[in-house]
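Heads up, the next two complexes both have chain A, just with different partners, chain B and then chain C.
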Partner chain A sequence: MARFVAKRIVGAAVVLFAISVIVFLIFNVIPSSDPAQNLAGKNATPTLVASITEEWGLDEPLPQQYLTMMRKIFTGDLISYEGREDVNERILEGVPATFSLCIGAALIWMFFGILFGYLSAVRAGGLLDRALTMVAVTGISIPVFWLAAIFLNYLTYQLELFPSGTYVPLTENPAEWANHLFLPWVTLAIGFIGIYSRVLRSNMLDAMNEDYVRTARAKGLSEHRVMSRHVLRNSLVPIVTLFGLDFGALLGGAIVVEGVFNLDGIGLYTFESLVNQDLPPVMAVVVFGAFFIVLFNALVDIAYAFLDPRVKLGEAAR
Partner chain B sequence: MEGRSPWYLAYRRLRRNRVALAFGALFLAIVLFVLAAPLWASRVADTGPNETHTTERVEVGGEQREVVNREGRPIGPLWLGAGGKFFLGADGRLGRDEMVRLMYGGRTSLLVGFLSTLIATLLATTLGLLAGYYRGWADTVISRSLDVIWAFPVTLLAIALGLALATGGLQIGPLELSSGSIWIPILIIAFVYTPYMARPIRGEVLALREKEFVEAAVAQGAGPLRVMFGELLPNLLSTLIVFFTLGVAQNMLLESMLSFLGVGVQAPNTSWGTMIGDGFELISTAPLLTVVPGTMILLTVLAINIVGDGLRDALDPKSKVRIEARTGIAERKGTAV
Partner chain C sequence: MSAALLSVRDLRVRFATDGGHVQAVDGVSFDLAAGEVLAVVGESGSGKSVTAGTIMGLTHSPNARIEGSVRLDGRKLLDADEAELRRVRGDRIGMVFQDPMTSFNPVYRIGDQLVEAIRAHRPGLGRDAARDLAVESLDAVGLPEARRRAERYPHEFSGGMRQRAMIAMALALEPEVLIADEPTTALDVTVQAQILALLRRLHRERGLATILITHDLGVVAEVADRALVMHEGRIVERGSLEEVFYSPKDPYTRKLLGAVVRLDRAAPLRPARGTGPLLEVAGLVKHFPLKRGLLTERKADRVRAVDGVSFSVARGETLGLVGESGSGKSTLARTVLQLLAPTSGSVRFEGREIAGLSRRQMRPLRAEMQMVFQDPYASLNPRKRIGQIVAEPLRLHGRATGAELRRQVEELLERVGLAPEHYDRFPHEFSGGQRQRVGIARALSLRPKLIVADEPVSALDVSIRAQILALLADLQEELGLTYVFVAHDIGVVRHVADRIAVMHEGRIVEQGPADRVCERPSDPYTKSLLAAVPVPDPRESRARRASSDT
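The block that comes next holds the complex of A and B.
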C-alpha cells in the first residue's frame, strides 16, 4: 500500500511540474508578440512594459524566466497590472463563493443524475426511458453560459423569482446564501445531470446481465431489492470515479456561471480578467486550478485503493 | 442466404431509427440555412455581416424608423416588415443586421467545430496507431504526453491558450498566425480534444493488433505502414465516425464558450458564441439577441449528438465504445454513452 501511495504521489508531482511548464510556455513562449506587452494589459505604457521586462526577467534565459514566473505565482508576488491588485489575495477571497457554488451544484447533479439514470434503466426501452434520454441529451447540448443568461433574464429580471446580485456568505445569512445560489446551482448542474444519468443507465444495463443479479433473482429477492441493492450499488462505483474527475473540472463552468450571475468568486474574477485581457490573474487561476484538480484526483485514487484493493492490483498489472 | 456487408447492415439499422433521421434532417436544414448567408445578405437584407447602419433609417410599412435610437437601443425584429431587412432587428449600437450575422456566424461556428474535430481526429488516429502498434517507448512517450494534457482541466487549458494567443498571436517555427486569425480557436480546440480521442483509439489498436488478420498480413510480408493504415485503420473506422460526430458537438460548445468569454473567435469574424457575448450586454432590453443564437447552438449540437448516438447504435450494436465508457474515459465529456 505504501508503495502505491508513494508511486501515486510521485506521479502527481511529475504531472504538476509538466503543467507548470506548459503554462509558462503558453503565456511566455508561444505568443509571437512581446510577453511584457501582453502582461501589461490594454493600457500598456512603454515605461510599464520596460519595468515588467525587468521584474519578470524577460531578457534572461528561458529556465530563469520559468523560475521567476513560478516564484511570483507561488509566493503571492503576482499583481495584475490592470488594477494593481494582488492576484492571490483576490483568488483567496473568491474561494468561499466558488466552493459554495461547486458543492451545491455537485449535490444537485449527483441526486438527479442517479435518480434519472435509475428510472431510465429500470424502465429501459419504455416511454419514461425515452423521455429521460431526450432530456439528458438536451441537457448535454445546452451551452451553459447561455442557459445562465436566459435564466437570469427571464427568472430573475422579468419574473423576479430570484434575487439578483452578488454572493451572500453562509455565515452571514444561510437563507439568503441559498436563495442567491439556487439558480447558479441548477444552471451548472444541468449538463452534468445529463451525462451522469446516461452513464449510470448504461452501467446498470450492463450490470443487469451479470451472474450475481441472476443469483439474487434466483434467491427470490424482490425486483426492487435486486435493482437497488445489487444493480444500482455496483453501478455506482464508476460514477464516483467520474465524480472525482468532474468536480475539479467544474471550475470551467464556474467561470461563466459566476460571470453571468455576478457571483463574487474565483470564476467572476477570471471572467473579468478575460474580458479585460488581463493575463496575470488567468495565469494564477489556471495553475492553481490545475494543481487542485491533480491533487484532488490523486487523493481520490489513494482513498479508492484503501477501499478497494483491486484498484491497486489493477495498477500493478498495467 | 445473401451476404451483406457490415456497412450495409449499419445503414439499414440507421434507416430504421426515425429520431436520428429527423434530427439528421434538422442538421441539414441548419447547414443549408448558413450556406444561404451570401444569398440572403445580397438579395434580401442588402447588407453584409459587418456593415454598420448606426445613423440610418429603415422604412417599415411607410414609416421611417431609426435603426439605432438616441439611447443606443437597436431596432427590434421587423420580420418581413421591411422586405426582409433587419429580419431579427439590429445587433446593438452599431446597427448591424442580426439575421445576416446569425447566418454568417453559423458558418464560423460549424467551420470551427468541424475543422477542429477533423484535425483532432487525424492527430489522434496517427498517435493512437503509433502508440498501439509499436508499443514500447513510442507508446510510453505518446501516452505520457497525452496524460499531461489530460490532467489539465479542458476549459482552463483552452482559456489559457485562447487568452495568450488572442493577445499575442501565434508563432511556432514556420507557422505564424495573427491574434485575430480564425485558425487560433480551431487549433486550440483540436489540441485539447486530441487526448480524449487518442486514448480510446490506442486501446482499440492494442486489442486489434492481436487479431489473426494482422498476423495474416504480416505473414504476407506487410510492413508496419501497411498494417497500420491498410489493416488496422479500416477496422477503426466505425469508432472514428462516432467519435468524430460527437466531437463536433462537443467542440462547437467549447468554441461558443471561448467566444463568449472573448478568447475564441475574434472580430471581424463572428460566431454564435460571440453573438451571445454581444447580445448579453443588452439582455434586459433586447433578449432576442441572446435567445436566438443560443437556440441555434442548442439545436445544432442537439441534432449532431442525436445523429451521433444513432450512428453508434447502427455501427456498433454491441457498443465497443461503451467499454471505454465504463472506465470514464469517453464519458467524461459526454462524448459517448
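The block that comes next holds the complex of A and C.
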C-alpha cells in the first residue's frame, strides 16, 4: 500500500507538471495575448504597459514566469489579471456549486445508467431493450448546450416549473438548493446515462456467457440472483474505471452546464477567464482539475482491489 | 438392474442458426441406474455437452427447440417450470464442468460460493451451519486445510484444487446424480489421475450415479461401468465397457478406438536417421524477471522458465519434448528459435551459433526453421484468405511473385491434403484439422530444415489428431524434415518421436530413445508421468488399479 501511494504521488506530480507546462505554453504562443496590454486597458500609454510588465514580471524568461506562477498557485498568492482577484479564493467559492452539480449528476447518472443497462441486458433483444437503446443513443447524441437551452426555454420560462439556474447554498435552503440544481443535474447526467447503460449492457451480455454464470445456474440459484450476484457484480468493474475518469474530469468544472444555467461554480469561472485570456485562473483550474483526475484514478485503483480480488495494489502488471 | 433413476427418452435438441437448423441432439435415449457410472463419449460437436445441459434445463437459448422426455425418479424435468428445475439443480443433480479456471466466479471466495449453493436449497440453514457443511464437503474431496482454504479466492487455487472444489460444490448437498462434463480435460495428466481416483472413491463410498462426458477413451476405461458413443447427435454404440472396447459394432466406434494413440504401443519402427546434428542446444537458460519498483524497475525475483537445458537433434530426427503445464517446454521452443532472447547458453543451428544474433542476422535463418502452433483457431488471421496466409512467408522472403507464387501455394495446399480451390477461402470455413493443415503448409512454404511444433494436435479431436500425425510423418519422410515436437501428452509424443526429452520445472530430467524412456524410465518424475496416463483398455486399467488403488 505504501508503494502504491508513493507511486501515485510521483505519477500525480508528473501529470500536473506536464499539463501545467502545456497550458502555460499555449497561452504564451497564441497571438495578441500580451497580458500587460490587456491589464492596462484600451487607451493605455506605453509607459503604463511597461510598468505593468515590470510589476507582473512579464518580461522575465518564460521558465521563470512559469515557476513564479506555480509557486503562487501553491502558496495561494495568485492574482488574476482581470479584476485582480485572489484566484484560489475564487476557486474555493466555486467549489460548493460545482461539487453539488457534479455529485448530484453523478448519483443520477450512475443510478439510471446501471438500471437501464441492467434492464437492457436482461431483456436483450426485446422491446424494452430496443426502447432503452433508443433512449440511450438519443441521450448520447444530444449536445449539452442545446438540451440546456431547451430545458430553460420550456420548463423554466414557459411552464415556470423550475427556477432559472443560479446557485442556492445547501446550508441556506436545502429544498431550493435541489430545486435550482434539478435541471442542471438532469442536463449533465443524460449523456452519461446513455453511455453508461450501453457499456454496462455489453459488459453484462459478455458476462452472461461466462462459465461461472453457467455454474451459478447449475447450482440452482434463482435467475434474479444469478443476474445480480454473478453477472451484474462482475460487469460493474469496468464501469468503476469509467466513473473515476469522468467524475474526476467534471470536478475541474462542468463548463457548459454551469455557463448556461449561470451556476457560480468553477466551470463558469473558467469560462469567463478563458474569454478574457486570463492566464492565472486558467492555470489554477487546470492544476486543480488534473489533481482530481489523478486522485480519482487512484481511488478507482483502490476500488478495483476491493471489486476484484485478483488485483493487488502496488504490484507491477505482469 | 434396479429401475432407472434418470431416464432420457428420444431427446432432440435443434438450434436455429443463420445457416439453417442444426440438429445438435437427435433422438437420444438412455437410462442411468442408481450407483452407476455412465460414460458419454464423443468428439467435439457430437452433442454430448448439449445433452447434459438439456437434462439440467440449462439449454436456454431462444433458438433451441427441445423435444422428448427426461425423468428423474419418474418426475418429468423437461416440462417442469423454472422453480421446480431450480430445486433439482444442485440439490438432486450436481454438475461439474470442464474448465475449473473459469467455472468459479473470480470475485468471490471459494467457501462463499459453496455456501451460496447450499443456502439456495437449504434456506433454513444458518450461515455458520452452511459454512460448516461447505468445509466438510471440501474436506471430503481431499482438499487439505479445508477451513482455511475456504477463505481463499479461486485464483489462489491450482487447477487440480479448483476442480476438487468444484466437485465439492456439486456434491455438498449429496445429490443422487452427478453430471461431469469433461472434468479432467483441462488438467495435467498427473492431476487428472488424482481427480479420477477421487471420482472413483466418491462413487464407491456414496454410490453416486454419474454421467461422465468425455472425449478421452482412457478416462472412460478408468472410471466408467457403461459407455455410450455419440456421433452427430445420435448414440451409435452402447454397452458395457467390455462390449464397447473389445467388440464394437459401429464403424464410428471402431474408427475412434483405432485412432487412439496409445502409450503402451511402440511406434512403428523407422529406419535409423541422423547424419550429424542439425540443432545443438547447450546450457540454455531463459529467466523472466518479476518486475517491481517505483520508477526504476529493479529485478526483484525471476521465474526460471528454462534453467540450463542441453540437447541435440540430428537431421531427419524427431525429438519429443514432453512436460506438464508450467514445465517450460513452450518457452524452450521459442527460445531455441530465438523468438525469445535467451538469458544465457548456446544454440547452434547447422554448426552456427545463433543465440544472440540480431533480428536482421536471424532473418535469412528464419526460412530454415519454422513453427507450427497449438491453436489452429487463433494462429490464422481470420481476415486473410488461406492462400494469402500460406503465401505470406514466400512473399516476405521474396521467393516468388504473381502466378508463380500462386502455383507454389496451390502445390503446398495439395501437399498437406487440401485442394487448390481452397486458396480463396477464409479460415472460418475450415474445421480444426483443416486449419492445422493450413498452419503446416505455411510452415513448409520456405522449405525449412527444422520445424518446431508446439502442441500441434492437442486442440484436435482424436480421429483428426491421427490424420495430422500421419501427415507430419509423411512430410518428414518426403522432405527429410527435422522436428522438435512439443506436447504434454507423452502417448502422442511416443508415437511420433525418435527420442524423448522430459521437462520438469525448467529442466530436462530425462532424455533418451523414445521406447527406452517410456518402458524403462529412470527419473521418478517420468515414472509418475507415465503412471498417470490413462490406458484406453478397461481390462488393463482394472489390473493397474488393482495393484495401486487399494
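Here, the second predicted complex is superposed on the first by the 266 of 318 C-alpha atoms of A that agree within 3 Å, B and C clash if a C-alpha of one lies under 4 Å from a C-alpha of the other, contacts with A are read in each partner's own complex, and residues count from 1 in each chain.
By definition in this document, a contact is a pair of C-beta atoms (placed from the backbone, for glycine too) under 8 Å apart; a residue touches a chain by one contact, two chains touch by 3 or more.
From a predicted model like this one, the values you see are computed outputs, not experimental measurements.
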Max touched-residue count on chain A (chain B vs chain C) belongs to chain B
Partner chain in contact with A:Arg229 - chain B first, chain C second, else both or neither
second
Checklist entry - Which partner does A:Ile150 reach: the first (chain B), the second (chain C), both, or neither? => result first
Quick check on the superposed pair: does A:Asp77 touch chain B, chain C, both, or neither? Answer first, second, both or neither.
neither
Once chain A of both complexes is superposed, is A:Asp59 in touch with chain B (first), chain C (second), both, or neither? neither
Per the contact definition in the header, classify A:Thr215: touching chain B only (first), chain C only (second), both, or neither. second
**Request:** Check the residue A:Leu307 against both partner chains and state whether it touches chain B (first), chain C (second), both, or neither.
**Result:** second
In the superposed arrangement, which partner chain does A:Ala290 touch: chain B (first), chain C (second), both, or neither?
-> first
### Query
In the superposed arrangement, which partner chain does A:Val10 touch: chain B (first), chain C (second), both, or neither?
second
On chain A, the footprints of chain B and chain C overlap at residues none
Listed in rising order, the residues of chain A that touch chain B in the complex are 15, 18-19, 22-23, 26-27, 30-33, 35, 38, 137-138, 140-147, 149-150, 152-154, 157, 191, 194-195, 198-199, 201-203, 206, 238, 241-242, 245-246, 248-249, 251-253, 255-256, 259-260, 270-271, 274-275, 277, 279, 282-283, 285-286, 289-290, 293-294, 297
Listed in rising order, chain C residues that touch chain A in their complex are 56, 58, 82, 86-91, 94-95, 97, 99, 102-107, 116-117, 120-121, 153, 155, 166, 169, 290-295, 297
Seen from chain A, its contact residues with chain C in the complex are 3, 6-7, 10, 210-212, 214-223, 225, 229-230, 233-234, 307-310, 315-316, 318
As the complex stands, chain B meets chain A at residues 147-149, 151-157, 159-161, 163-172, 176, 179, 249, 253, 256-257, 260-263, 273, 276, 280, 283-284, 287, 290-291, 294, 297-298, 301-302, 305-306, 309, 322, 325-328, 331-332, 334, 337
